[in-house]
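What follows is a group of structures, each given as structure tokens.
Both complexes shown next keep subunit A, but they swap its partner, so subunit B is in the first and subunit C is in the second.
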Partner chain A sequence: MRGGTTIETVRRPRAGLLGALPALLGLLLAPAARAQDVVHRWAPNPPASSYGERFDHLFALITMLIGVSFAIVLVLLVVPVIRDRARPGHKASFDHGSSLHDKRFTAIVSVVVFVVLDAWVLWVTMKDLREGYWNIPRPDVPDVLRVELLAQQWSWNFRTPGSDGQFGTADDIVTLNELTVPQDRPVVINESSKDVIHSLYVPDMRVKRDANPGSINELWFQPVKSGDFQILCAELCGYAHYQMQGKLHVLPQEQYDAWQTEASRIALAAWDENDAEARWAWEFKE
Partner chain B sequence: MTRLLLNSGAALALLAAVAGLLAPGDEAAQDEHAAPASPAAGPHARAPHAVPLTITQPDQLLAWVKDIERRAADEPDRFSQQDEVWVDARGEFTWDEENEVYWQAVPADLLTRGRQDFVQFCASCHGLQGDGYGRSAQGLRPPPRSFLRSTFKFTKVPGDFLPNDDALVALVQHGLDGTPMLPWAVSKERLREIVQYIKSLSPPEEGWHDGTNVIGNEIYTPDDPWAGREDEAVAEGEKAYHVNQCWSCHPAYVPVAELNSLRGVDAATTYDAKLTYGKLKTDSSYEVQGYAVAIPAPDFTWHTLRYSRDARETFQTIAAGIAGAGMPTWGRTSPEGKGSVPDETIWAIAHYVRHLVDTYHGKTAERAAFMAGVRAEP
Partner chain C sequence: MSGDHIHPRPTSFLRRYVFSTDHKVIAKQFMWMGFVWLFVGGVMAMMIRWQLAHPGVPVPLVGKLFYPRSSGAVPPDGYNTLFTMHGTIMIFLGLTPLMIGAFGNFCIPLMIGARDMIFPTLNMLSFWTLVPGALVGLFSLFVPLGAAEGGWTAYPTLSSTIGTPGTGETMWAISVFLIGASSIMGGINYITTTVRLRAPGMTWGRLPLTVWGLFFTSILNVLFLPVIGSAMILMVLDRAFGTSFFVPATIAHGGGGDPILYQHLFWIFGHPEVYILILPAWGFVGDLLSFFARKPAFGYKVTVGAMAAVTILSAVVYGHHMFTTGMTAMLGESFMLLTMIISVPGEILFFNWLHTLWRGNLRLTSSMLFAMGVIFVFGLGGLTGIYLATISTDIYLHDTYFVVGHFHLTMAASALFGTFAACYFWFPKMYGKVLSERLGKLHFWTTIIPLTIVFCTMFVSGYGGMPRRYYDHTGNPYTAELQWLNDITTVAAFVLGAAQLLFAWNVIKTVAGKRTAAQNPWEVGTLEWTVPSPPPHHNFDSIPLVVTGPHEFSNPAIRDGKDWIYQTEPLAS
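Our next item is the complex of A and B:
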């Protein structure tokens, strides 16, 4: 709508760029009238894990900072282009910036920005990440749910211990592409890969970490909502990477207990003691 | 000068690569196909041969029986009939008077393309040699199919026959639910080439190389006689499921008293506790590296069914049976034939199985309540 009315005002042929700006702005702002729709469509699902809110706050903060920087840089770029453009009585100037003065200026700015400013920002950021964001303490409870995850082209093999709490025993629950966990209990996952690098990504839990062949990575999350959530592979891992999807079932504790009892029972009944290869568990890394 | 150096370097690298590809010998093969560590590796765990990426041997002969008519119908310009024998203008298909089969000479370049796609898509699980021990196959239960035998489980072709090309292509496109076998979004043409390559791996005596082995059609699938009366079908299916032998491998889904009355046996008959819960066929065996792997008959309220997304697929799986597993062919192989169980009953059981899946699969609380009722002591 706004675009339509502004275009009518663009009559002077040489005011093309300036005239187009409001039109462009109109196009950008038009969807804002239905901002809620837009947010609903583009925003991630609300977080379903204990630290999800913190993650989202950090994300919003960074987006805001980058947005402000973007606006400043945009103004610095666009204003000279308009101010110094060719027009009657004014010739557009053009400069390679190769004079000694320019080179000195560039060198000094580079040193100040890249060495002093960036190094300082990097140092502070890493410090904050290490001490704050990456170091959200896992709730110190004894009954975390331990899960071993062996990724492969193009599936997730999950292994949860049965009631004995031990991996590699007859009542282990081994599932493909489906992980069932209880609500409100921290879930600690040891992940590795059989073949190439995969990456376990549960968007609703705001958690993502690579599964590398030959090493074990740990990640944890604490689901605070029950329901079914998407599991995705976030590392291009070959032809069918896009099909490497799974489901996370979060059940209330009592339902989970019933599920675990039944799953263990079925696992025990199907236990084949000759089949050593199917017992691919490793010693859990806390 | 620099460009010249670069060019000659690239040419050398290319030569080395080609030489590496063509070089025969077991060393390369063994490196390539390093086995996952297994304490029970049997003598036949590794296939002795290694197939290079480019197949240069003369045309491989594969037998054809069933689908020459379909091919002739597809390409009427190519095939003509003389004395009741189809003649291929291109000479790819020839009639073998003595064995009464059509032979197909699959060109080496087609097999090469199939091999290359096989390496890209299939080898991570099925192995570079097609033996089912790929890098990602370790510990997978059920294990990936070995193509060094010619048994395929879910082709909808009755177990006594070799599956036809269309059935194999359809299987790959469908995928097997609950396993890493995905529904492959690869063009039908490329899948056909992969299938030809897979067929060329079959053993001399039981696969496609032997013209006396008959290639089967998809199991005869009549229209659903219960359409519009699904509730009736479920009730009838429940009865048939327990009157017939389904419950002896799969779990029984009625209390013991009802099972006895349905079977018409003494009301005091008791069963192994495992029975109502699910007698798992730990002897149903698929051989992996020299020992048998248990593949339990699925509990429809718990496991994910491989090839039964709707009642029709379920009918076909029951009717055709599962080759290499304990599930026999229950339906009729041709419209004229006679199955062990009437089509109408199989359809009813298919509806019942779908009902169990739709009502209880993945629904923890509902399933727990249902199974508690089934297992309740009288």
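Our next item is the complex of A and C:
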């Protein structure tokens, strides 16, 4: 349902000073009223990046582990409430839990919990980080698409080099709020900000990284599906934070090549020697 | 100690009720201040929820009053102010005064057998530093160019003049600084009182867990509030005097500062702050479960050790708030490992609490229900922390509603439940009046059910990818698909908000009513119950001699058919 939904069709209840009660009733019925207009989703869309699956798997693993843990807590909470409630003639057992046996038992339980819950998760995430998220393609990887991103209140400035492969030249493809990338090739983004901190968030790629003013941050992903994906800002950046959006277009390689040729041509034709604003590029940080 | 340490109760109204040095009066001052600000912060939460369910629709009842220029609808900048001040107020002016100001003040001297705090004047000053702090925060809402809008975390450069030109943000920083100074004064007092003024026989091993919790909290207060204080000074210098500690050179008017430096300073304080709010609640829970299960607190020493371990670890894990900021891989992984280690003492606390209940004789009073409620909500909040401590899942979940759900359950709901448990338990001692148990139980069920729905729905929307601090989630197709979850959260939040009126009614009705409380209505042995309700000005006619621990419930050595014994009574051998 990406891209196609419009929200204008949603009817919202009106409310004034005296309209509070009907408004509250409307509030209760709102989810039902919206059912016809908007797609309901409770989970992320399927991952569209090469390491996206890793998030989904680890999330599921943690959910299972903490689900079991919380179930144990609930049982141990509910059983005494039912069985050991105060009543005439009923006595509590007397136990300080301070014997060596108790301490040993506590120690064993903590080791088991740490190994099962924490160590397992730690091991998986370290593997995911090294093989996925933090495995940023180095300069010698051949077909990397390099992107510079300069965030500002409240939009995204993207820059990809033209056919010369250099940033800051006349054929750079500079776009506002739209980033077009080829499918199945690693995309490395250098990001910074003009004013306040922003954060590039592409939920479908399972990636997020802050764009800080004064320094350059690095992130990467490799799209495995073509299509249009939502770009959001995740770091509070002022009153229009919620409107700071963008679109990521992933095209199959041949379509991308055609797009890039055309975009470079337009960029060259529109190049203005005197437009200092347009020359914000920096030397790409590998 | 002899009688000449007893000072007579002051007679002038001003010295008795306003600038009092009596820890019990100061406790009540903190308590009412906390209640008032909880209400203010709560109303703000309701307005936030209204806006999220009905973006741009005028807020019923109060909208026209606050937002006349938009005919009652919350404007985007007003929305940012709402969540900024909601967080700041709830943490610094709601929960801190209640848990630490009110119950720290009331419980510590009475539970350790002291006549007052060791520095009564400093104690008074602590409250009267908080008051201007609160007032500056309040007035910051009504100044030219706008109130604070940078979130309670106030990251530069959004909180620098480039992002928020208004005087409000500067006043916000001054307000937080003053509130921090108040907490530091309280902390020094609590630590010194606990170390120096324990009654004879009140060994460290006989301290109630409540005092332990407040003691550890005070240590964190004294160590880490100065860090936020210095960050606030630098921020005020940046904003008002043209320095650029946090403003990098790339920004107009900037010069060589670093916005990330602030994030380090903020979270060096900010993470311990979470434990500042939760440690007193853990202390209350440790005691109350034992008191109402009529069983000794299981593994007392291990519990204290676990709380100490959390206190120490809380200082070295703050980096997990900054996984997406851009730290080196090794630093990130170190913070992740340290964060995971906190789950070990956390799990030991749960183990001991649940073991305390096991085969007890449970009296399910309102106080007990809320104490058990802490196990439930902190269980949910603590376990979901694992997703956020794990870097690769945090990358996706960071700054989404998942985080909002998580920290509300841990530091807000757990601290609030601990506060409610403490209110129902110590109210008879404070006022000589018992809160209605019937209303209390109703309050518990009408709180825990909607509260669970509110924050668990936030987990779902965060998992769905809904960023936090958005004025309107219907504005883009991706988050619009999650808007139905916002509707559910808002309905549950309104029920939760309304349920708190039950508590307000209970408190007001009880305080206005007659004194009926017995000296020891809960049949508990700690020292505050050995004196009348409310206690006399000097607490103890003669300083008690402590001979037993605080949790000797159902000890077979206790005679006369009782299942409890005062800490001043010896166990028959």
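What to note about this one:
By our rule, the second predicted complex is superposed on the first by the 186 of 286 C-alpha atoms of A that agree within 3 Å, B and C clash if a C-alpha of one lies under 4 Å from a C-alpha of the other, contacts with A are read in each partner's own complex, and residues count from 1 in each chain.
Quick note on the criterion: a residue touches a chain if its C-beta (ideal position, glycine included) is under 8 Å from a C-beta of that chain, and two chains touch if they have at least 3 such contacts.
Everything numeric here is computed off the predicted structure, so don't read it as measured data.
In the superposition on chain A, contact of A:183 is made with neither subunit B nor subunit C. When the two complexes are overlaid on their common chain A, residue A:197 makes contact with subunit C while staying clear of subunit B.
When the two structures are aligned on the shared chain, A:155 is found in touch with subunit B, with no touch to subunit C. In the overlay built on the shared chain, the residue A:96 is in contact with subunit C alone; subunit B does not reach it.
By the document's definition of touching, neither partner reaches A:169: not subunit B, not subunit C.
In the superposed pair of complexes, A:243 makes contact with subunit B and with subunit C alike. Look at A:262: by the touch rule set out above, it reaches subunit B but stays clear of subunit C. Put subunit B and subunit C next to each other and count what each touches on subunit A; the higher total goes to C. Within subunit A, the residues touched by subunit B in the first complex and by subunit C in the second are 153, 194-195, 238-240, 243. The touching residues of subunit B, when paired with subunit A in their complex, are 36, 38-40, 120-121, 124-125, 135-136, 138-141, 178-180, 182-184, 274, 277-278, 280, 282, 288-289, 291-294, 296, 299, 302, 362, 364-365, 367-368, 371.
Against subunit A, in their complex, subunit C makes its touches with residues 53-61, 63-64, 72, 75-77, 79-80, 149-151, 155, 157-158, 162-163, 248-251, 254, 257-260, 293-302, 324-326, 329, 333, 336-337, 340-341, 343-344, 347-348, 350-352, 354-364, 372, 375-376, 379-380, 383-384, 386-387, 390-393, 395-396, 398-400, 460-461, 463-465, 467, 469-485, 487-488, 490-491, 494, 551, 553-556, 563. Subunit A meets subunit C in the complex at residues 1-5, 7, 10, 12-17, 19-20, 23-24, 27-28, 30-31, 34-35, 38-44, 54-55, 58-59, 62, 65-66, 69-70, 73-74, 76-77, 79-81, 84-86, 90-98, 102-103, 106, 109-110, 113-114, 117-118, 121-122, 125-126, 128-129, 132-134, 153, 192, 194-197, 199, 201, 203, 206-210, 212-215, 217-218, 230, 232-243, 245. Of all residues in subunit A, those touching subunit B in their complex are 150, 152-155, 157, 174, 176, 194-195, 238-240, 243, 249, 251, 255, 258-259, 262, 265-266, 269-270, 272, 274-280.
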